[in-house]
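Quick one: the structure is below, questions incoming.
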């Protein structure tokens, strides 16, 4: 058999998602779907303005927990780069300094390129400084390096984007002590509590993946968000059906999921 | 009277806005006390730790265990206790084991040396390398590697970490896939827990026991209740419970006093801060 | 635009590799998606050279400019980097295995490992200070947040059991029932979002990280 047993249902869900996404992207050509706004984006704008007024830099940093772009940090780090582009477009007219710290070597050239492109697009290529893109390898050395940058640069606004481990609290707490406005975007479910306590605003979970679509205002991208919502509702119905059927002694949903 | 009230208000505000440097020094001194004057409190063994103990205890002598070490140096404080205690349990039950590391390319050798220095080298326990145990070291690929390991061990490792071909190791004779193992022990700080669950326990019905750091409790709890793991050790606390069941107190039992003190200090700080906050609010009114 | 920088080449490569890895996971076809993972690790190693060069340039710049509060650390950083790299290379030249070099192992065991553990220990201090600074009942939601945090902490320490055997029960229930349920729900939603993001990336719609 070509398909691996035990994975057929998940393949079916994936294919359903592909079909739904294609359908809603086509539909979005005619009418752009309505997407709720993200308060965290407004908070970012406000934070950058505040940083410019105070004459302090803005900082964007990734987590270090996800084993690189080819690991589980891949998608969310790329999504965070979308926020980096947005931040760069905000800081350029205000002439604020933007520092990007990252822990993944393979992300480094992408980050440089994203920042450089935004500076060029805004007509201020001379403002780009390669020394503002800072890399520190591995997990613990990266956290220590970021703490050093915090202590020296004293940013007034920080965006945390990526997969985080213990560095969520180790970086966000001193950042709060120096008076920075923190906004976090992560898929690390077990770190959300720390960020909820130490950050002024946040994107959690799948909101991180939706930012790029929201910022671009591209109808195709926004159409893809609808397919995700449809699938989530479908899975919710499946979960409720599973609870009901299991309570009645039927294992049909469990067998379906295991097929 | 107004002056005294003003002074009292300042006290509450001062308590709320204490300089962090003073705060950290106070924490350092308080947290150092249990290390200087250690105390032990009786630890109630929780259900997941007991289930993990019983799972290993029920294995017949000679059963093959996959010892999956997905733990860097930073995970030592929380996971080293369970790593050492589980190895001691393996020695006591005369189980065979194979160590793999999929995740940490720099730290795995350090962790390997450290575990054996604390639990005792297998050769000192009468274990023969290649027959009773083997060490395969680091393999890249994360979840893909774990999935491939479950399908075909030799697709990930063709030789052990010392350069010996896998086919020359008697312990790996007729061991090709997940079903040839009786148990997986996973010591993880990152994603290893979900890879083991998906590709070994759910797909191949191989029982697994997970050692998790603090942030992984919720996932481990729900997996345990759903039967997707056969028990877990929750950070230092779980390891201390396990050491108690083995009647072999080790590093985790020694650390419990410091850990309990830290969490107690946190709780008291929260209560104190809220008390000062409410008093400050009342004074302002 | 240069042929090698065209966005389409990036998208085609992304899609081809993604389809191979997906096919390897879901089918029995001999696609060897795991090979791409190994290539990614090798590419990461090369990228480390590029990113490392950028970091070295940063520190050399500050050392030469004698930036106040930084240049001493930059000089020290470069010294430590030189010692570690040269030791590793020397070991590689002598034994063909960098990890067998006793000096390199000494550096890892006695410098790298303790520093890592010390850095991890900062978590405790910052957790206490964050709890003190931020877990205050300013609003109803922050009151609930604080109470849940306190109960969960009480659920995991031996002292609470010593005070009263039932004291840890609410915290353990919160971790194992609503906490786990919330985490599961968030994980499912994130998985769906991740797949949709990947689909956008494979079709070239996601532009946030692609060069113009």
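Which chain is which? They are A, B and C, in the order written, and residues in each are numbered from 1.
What we mean here is this: a contact is a pair of C-beta atoms (placed from the backbone, for glycine too) under 8 Å apart; a residue touches a chain by one contact, two chains touch by 3 or more.
Bear in mind that the values here come from a model prediction, so they are computed numbers and not experimental data.
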Which chains sit in contact with both members of the pair chain A and chain B?
C
Higher-contact pair (C-beta pairs counted), A-C versus B-C:
A-C
Which chain's C-alpha centroid is most distant from that of chain A?
B
Most centrally placed chain - per-chain CA mean versus overall CA mean:
C
If you average the CA atoms of chain A and of chain B, how many Å lie between those two points?
28
Quick one: chain A and chain C, Cα centre-to-centre, how many Å?
14
For chain B and chain C, let me know how many angstrom lie between their CA-based centres, rounded off.
18
Mind pulling the residue numbers of chain A that touch at least two other chains?
70, 140, 166, 177, 189-190
Do you know which chain B residues sit against two or more other chains?
20, 72-74, 106, 142, 218-219
Mark out which residues of chain C touch at least two other chains, giving numbers and ranges.
25, 37, 41, 116, 119-120, 127, 129, 131, 133, 135, 149, 182-183
What residues of chain B sit close enough to touch chain A in their complex?
20, 72-74, 103, 106, 142-143, 189-191, 202-203, 215-216, 218-219
For chain C, which residues count as touching chain B in their complex?
21, 24-25, 33-34, 37-38, 41, 99, 105, 108-109, 112-113, 116-117, 119-121, 124-125, 127-129, 131-133, 135-138, 146, 149-150, 153-154, 156-159, 161-162, 165, 172, 175-176, 179-184
Spell out the part of chain B that touches chain C in their complex, as residue ranges.
20, 23-24, 27-28, 31, 41-44, 46, 72-74, 76-77, 106-107, 109-110, 113, 140-142, 144-145, 147-148, 155, 217-219, 221-222, 225, 234, 237, 256, 259-260, 262-267, 269-274, 277-278
List the residues on chain A that touch chain C in their complex, please.
1-4, 7, 10-11, 14, 17-18, 21, 25, 68-70, 75-76, 78-79, 81-85, 104-106, 108-110, 112-114, 117, 121, 130-131, 133-137, 140, 143-144, 148, 152, 166, 169-170, 172-174, 176-177, 187, 189-190, 192-194, 196-198, 204-210, 212-213, 215-216, 218, 220-221, 224-225, 227-228, 231-232, 235
For the complex, which residues does chain C have touching chain A?
22, 25-29, 37, 40-41, 43-45, 47-48, 50-52, 54-55, 57-58, 61, 69-70, 73, 115-116, 119-120, 122-123, 126-127, 129-131, 133-135, 145, 149, 182-183, 186-190, 192-201, 205-209, 211-212
